[in-house]
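Look for chain A in each of the two complexes below; its partner is chain B in the first and chain C in the second.
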Partner chain A sequence: MNLLFEKLCVLSRSQKIRNISIQFVFLIFVGLFVYYLVSKTLQLDITLSHFASRAGFGISHIFYTDYTSNDNRWAAYLAGVINTVRVCLVGIVLATLLGTIMGVARLSKNLLFSTISYVYVEILRNTPLLIQIIFWQIIFLQLPRISEALTLGNNVVISNRGILLPFAASNENGYGGLWIAIIAISLILSLSISFYINKQEDITGKVVKLYNFRLSGNLIGLLLFFTATIVTYFLLQQPYNIDLPSLYQNDKGTYLQSGGFEFTPEFGAILFALVMYTGTFITEIVRGSIQSLPKGQSEAAQAIGLSNYQTMTLIILPQALRSIIPPLTNQYLNLTKNSSLSVVIAYPELFMVSRTIMNNSGRALPVFFLILLTYLTLSLAISMVMNIINRRVTSIGT
Partner chain B sequence: MHKIIKWSFETFFGSIFNTLITLISLVIFFFLINSIIGFIANSEWELVRVNRRLLLIGRMPPEHEWRIWPILWISSYLVFSSISAWASPSKKDLLLISIGIFIVCLIFTTSATFIFVISSLLICIVSYGISYFVCKNIHNNYYKKFLITSWILLLPIIFAILLLGDGPKPTLWGGFLLNIILACVAIGFGFPLGVLFAIGRASSLPAIKVTCTVYIETIRGAPLVAWLLLAWFVLPKFLPEFWGINNISVVIRAMIILSAFTSAYTAEVIRGGLQSIPKGQLEAADSLNFGFITKMLLIILPQAIRVVIPALISTFIGVFKDTSLVFILALTDLLQVGRIIPEQSPEFFGRQLEALCVVAFLFWIISISLSSLSKKVERSLGIGIR
Partner chain C sequence: MKDFKILFLLLSVMSLAVISACGSETETITETVEVIKEVMVEKPSTLETVKSRGSLKCGVNDNLTGFGVLTASGAFEGFDVDYCKAVAAAILGDASKVEYVPLTASARFEALSAGEIDLLIRNTTWTASRDRDLANDFTATTFYDGQGMMVYADSGYKTIEDMAGATVCVLQGTTTELNLDDRFTSANLDYTPLTFETNDPLQAAFEEKRCDGWTTDKSGLASKRAEFPAAAGGPEALTVLAETLSKEPLGPLTRDNDSQFYDVVQWVVFGLIQAEESGITSANVAAMAANPTDPGMARLLGVPFSGGEVADFQFGVDAKFIQHAIAAVGNYGEIYERHLTPLGLTRSGSLNDQWTNGGLIYAPPFR
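Let's turn to the complex of A and B:
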């Protein structure tokens, strides 16, 4: 008996046994908690069967799908997801541009330029995004009423119902999809050809020449792309026309607008707010990364006679990109999640549509899991793309 | 004089590109200043003056209004003692702080509350002076310990003042008070939880690691509004039924969700700090035969948290800004009050921008003072400087 006790004492001193027992106790608690949650969940209806029924609510911004309120809830949800993806894609591109410009501006020797960047960051970073969304909505709604709409030579119509811009409208001959495909293929082709020629030029030092005129890879690629797209455009009997917006009065005297690309106040407000807000964080990231580079880099660039612009684009930014991209990914994810705030101005994206579905169906939990899954998918997609870019960027020069 | 002209010519018109930038910046400046002046010329701040009580404390009943003042006194004492004890502000900082307080007082003081505001200002000045002289003295360690203890006790004290003796229901809290309470609770509970989750995620035991990772990533996976909506619809069904916990007020639900959210984000920040600690520190602690808890409390956490203080503060600023999202739970926080008041009375119709500006200013002034604090800490730790 004494021997057994001593053995137990020795065993209890062993790190391995202690680790296992700690985990065991921990898992029991977690298991009890999960069991409690699951047992509560099972009392609720967690199937998504109600998604097959009629949605019964209209969505004001339909893009790419033809959703009506008679469709089922899946279609409504899809329309919401497309709206989210749309605002996120445009927002990410614009926020990156704005953030990079402002981040470089913050370090510029030009006092005016750096002041603008400083004021921009300090004001917009420290106010809630929600306030900014509402602010931009108020600004957009203060545009003139539609009866006094501003028109720019019949190309642009600006009123508080939205800004109408010229847009491409597909012709009825059905070649539109084919043309888009050709554009995509020729884009990839011309990019790879110009990349190949540039690389050959770097390796061999030989230059492609046409009557003493140097043809660089970029020029060839551009030429190829534009000739391919323009020639096929006419070959396919002009699959797209320019669709000009129009403003007219019907017989009762009410003003109506149609045609063109409609940039609605809601979309504009959420886009502006997201871009401005996320832009401040990207500004700080860009500034921090540039500042973290050793000063010798920019001095060396100046020593070999590069201009300020060349120093920035050829020396500083490519190196800074390595430390920019991981936090940038984080900001993109934040932007995606923050787009759910557009519920406050009734831009019908993923979150607002699913809130309506929750209210209508009374089954919140499964819809919530769907939201979680959708945002997770979007986040994973963004992280995957950014990881690929990150691998490329970090592999340069190693 | 010659030098100044040469310098300004070189900075603004040094090259063609630079000239272009200067011109564009001038256009932007002109546009901004023009629109700001236009806005100020046409604005009427009567709306804010009439509704300042709503903006600050929401629908709190007038007979409970006295509960606000002790809270203001205690917190102003704590804030100013701490500023003087740790931050050692320069004259410029002090000037900015006093200008900020002056503007806030200018907007929000009424004749009824005049005496309370004056006493609060006096407490600010006196507490600053007291801790300035005490910290010069030999007792400064005891005083700092006292201050830290009172910071920890601040939340219970606030709740005691607000709730004890038949206080108003939490649903009646509103306005800026609600934002500050929510932010304090979220940080007060979220930070310790976040430290625990960060340690768990960095742990070598697979079960603990996986659990903590799943928790953190799930919370971070969905936006805060979605979680708040979940609290609105589903959380009551998941809470146990005894003591009527499943009928808790919406404010408490918002607090639970915000704390969980803060803990996940804080855990990620602290994990970064834990990863930055060299392994030698752990081995040294082991060789001194420290237990796990001693090792964490004395060796690892102080170093890890010190590295990430700037990131932590910006997370806290984010949480403070995120408290404006409780509109989804139909709570009237500052932003909601600011949105509602122009619609309530016909004489202020179309004055949303003025209300929004005041709301934004209140959020901004807290956030900017926190972020300048984080810059100060960063500088004193020597993180940003190489």
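Let's turn to the complex of A and C:
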């Protein structure tokens, strides 16, 4: 025994043995910790079977689906996912536009433009997004109250319940889906035909002429598209009507509004906040990418007589795009993830709906996994699209 | 190669030690695993935790006047807060030894089941699914509430049936949201629920008339109405509809399978009710304890009756625990009078009157 102890003492002097035994002890602790977590988790119900039961709660912003509280929790969850996707898609498009304009303005020789852009970036980038969301909600709530709502003829109603715009409403004759499909097909067809004609014109130099009037590919495509959609619209007995918003008083004399496309203060607040906030980062990305190009590019463009606008759109931006896209993808992902903050202003996106489900069912863990999985899917989808675009932009000579 | 040999030697020595210690029988090993599991998974009784910590962690509302509110001076006060004080006084003998943890409606249950707080008293409704699913136990009802609907007085709404097409502001993650939907769906009325996570943005939206109605427990509506800012019209601009949409019994919650602590909390609630029935108040409790008028009162206060023995119920706390609680916050009627009467919640004739007056406030016998 004594001999063994001495042997162990000698061994403990070896750096290698000591390292291995420390790691071994550490591994035991990690193992126990994992065991603890797993044993805790197994006490909970970790299936999503409760999603098949009746949801039982209403959702204020329903878009595309026709969710009612009688549907199951999956339907409620889907309504939440659609609300997230909706604010993200619109937000990404608007933030990109805003960021590009502000990024170019930032480098403008016009002092007014560059100052506006500078102030915009410095103020909005350096304040918390959550505060901005609440700020925009308060701003939107300052719209006229419904009893003093503004109307533009019968077409627009503006109040702090929401801005109502005319919108297409599907007729009950059931041809709505078919007509949408025809629109999509004719859009693709007319686009490819106009591309083909333009390409032929470039290659052969032949021009399609009707009497003495030159028909370009663009014109033919447009004509084709509108003829196809309008003719089928009447053939299918007008599957869509125009849904005009209305402002009315009920028998108690209280004002209510309904119909049309509803732009609510909650959607507006989260959209404005996300666009303005993400726009600042895109501004900086655009500015940085343009500045990273050699000055010779713009000088050469001016030397061959291109205007400022042409220099920007034909020479500078196409080259800057290569270094813009990868960091831009990051900002798109940030915007998507930040949309979960709208939980504070009553915009029912996926996080908010899932929290309600979690509360009603009491099973937080599986729902949280579902939320994580959904955000992951959204983020990976955005990354995939942006990678495809990036590959197209960076490939040279096509 | 030599290193490997040494490592192998080390490992075999260690495993030999483990096997010899456990008698190398699988049964003993399983037992050891059970013990380890018990130590790691099971928590000690909350009552012991509270005693050794010397303070009670109480989950409360910080934004509901009358029930739980954080005042300008930084102190918590309200009906629910007084029950935190009563439990702290009963266990620790000092009503000030409470750590208040303000919680949102949706975070409260997880805070309790995760052990962040010992006791949840945050105007929480007792329902079957919450009792079953959320790893909590409801102790007793301290306030019989019901969901109501508050509208602007000038809107002309008198009943829920008038409110077709209305927008209703509601808090997220509450039974309120579900009751609201049940009521409108069963009446076949179209409505829009505007669901908020916290009260402040909800109130901001309601003040700007973003919603036609505001629904929550009637007690909550009374408190919000009482403090409605004058700039938005003051309390007179609002009416609470007569209809009650649901049964909402509110009360304290403890964690599942913690019967020792559960019993203490439950009997503190009952003790304060019994105290009112027996006519014991915070003002006369000392005199009553010194000279109890009957054996029942002596049992309640944990004192001997005319020189006899003390009837200790062995709750794991001091036999005088009810006495301490009464001394700290008064009986049920005093707590109600202090916090809920100022809100305009009339007690006489309501469900929250003593059973002797036709209400539901009733304590099982102390014997």
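As a working rule, the second predicted complex is superposed on the first by the 336 of 398 C-alpha atoms of A that agree within 3 Å, B and C clash if a C-alpha of one lies under 4 Å from a C-alpha of the other, contacts with A are read in each partner's own complex, and residues count from 1 in each chain.
Quick note on the criterion: a contact is a pair of C-beta atoms (placed from the backbone, for glycine too) under 8 Å apart; a residue touches a chain by one contact, two chains touch by 3 or more.
Since this is a predicted model, take the numbers as computed values, not measurements.
*Asks:* Who does A:Val343 touch here: chain B (first), chain C (second), both, or neither?
*Replies:* both
*Asks:* With the two structures laid over each other on chain A, which partner does A:Ile138 touch: chain B (first), chain C (second), both, or neither?
*Replies:* In the superposed model, A:Ile138 contacts both chain B and chain C.
*Asks:* Regarding the shared-chain residue A:Arg161, is it in contact with chain B (first), chain C (second), both, or neither?
*Replies:* A:Arg161 sits against chain C, while chain B stays out of touch.
*Asks:* Taking the superposition as given, does A:Phe351 touch the first partner, chain B, the second, chain C, both, or neither?
*Replies:* first
*Asks:* Return first, second, both or neither, reflecting whether A:Leu129 touches chain B, chain C, both chains, or no partner chain.
*Replies:* Touch status of A:Leu129: first partner only.
*Asks:* Looking at A:Ala364 after the superposition, I want to know if it touches chain B, chain C, both of them or none. Which is it: first, second, both, neither?
*Replies:* In the superposition, A:Ala364 contacts both chain B and chain C.
*Asks:* Figure out whether A:Gly58 sits in contact with chain B (first) or chain C (second), or with both, or with neither.
*Replies:* second
*Asks:* First (chain B), second (chain C), both or neither: which does A:Leu372 touch?
*Replies:* Only chain B is touched by A:Leu372; chain C is not.
*Asks:* With the two complexes superposed on chain A, say which partner A:Phe26 touches: chain B (first), chain C (second), both, or neither.
*Replies:* So A:Phe26 only meets chain B here.
*Asks:* Taking the contacts chain A makes with chain B in one complex and with chain C in the other, which residues are shared?
*Replies:* 40, 134, 138, 343-344, 355, 358, 364
*Asks:* Please output the residues of chain A touching chain B within their complex, sorted ascending.
*Replies:* The contact residues of chain A facing chain B are 19, 22-23, 26-27, 30, 37, 40, 43-44, 108-113, 115-116, 122-123, 125-131, 134-135, 138, 291-292, 307-309, 337-338, 340-341, 343-344, 351, 355, 358, 364-365, 368, 371-372, 375-376, 379.
*Asks:* Touching residues of chain B toward chain A in the complex: what are they?
*Replies:* Touching chain A: residues 11-12, 14-15, 17-18, 21-22, 25-26, 28-29, 204-208, 211, 218, 221-226, 229-230, 233-234, 237-238, 317, 321-322, 324-325, 327-328, 335, 339, 352-353, 356, 359-360, 363-364, 367-368, 371, 384, 386 of chain B.
*Asks:* Which residues of chain A touch chain C in their complex?
*Replies:* Interface residues on chain A, with respect to chain C: 4, 8, 11, 14, 16-17, 20-21, 32, 36, 39-40, 56-60, 68-70, 134, 137-138, 141-142, 145-147, 160-161, 250, 252-254, 256, 258, 265-266, 343-346, 348, 352, 355-356, 358-364.
*Asks:* Sort out for me which residues of chain C touch chain A in the complex.
*Replies:* Interface residues on the chain C side: 3, 6-7, 10, 13, 37, 40-41, 106, 109-110, 129-130, 133-134, 155-157, 162, 164-167, 172-174, 177-178, 180-182, 184-185, 191-198, 201-202, 204-205, 208-210, 212.
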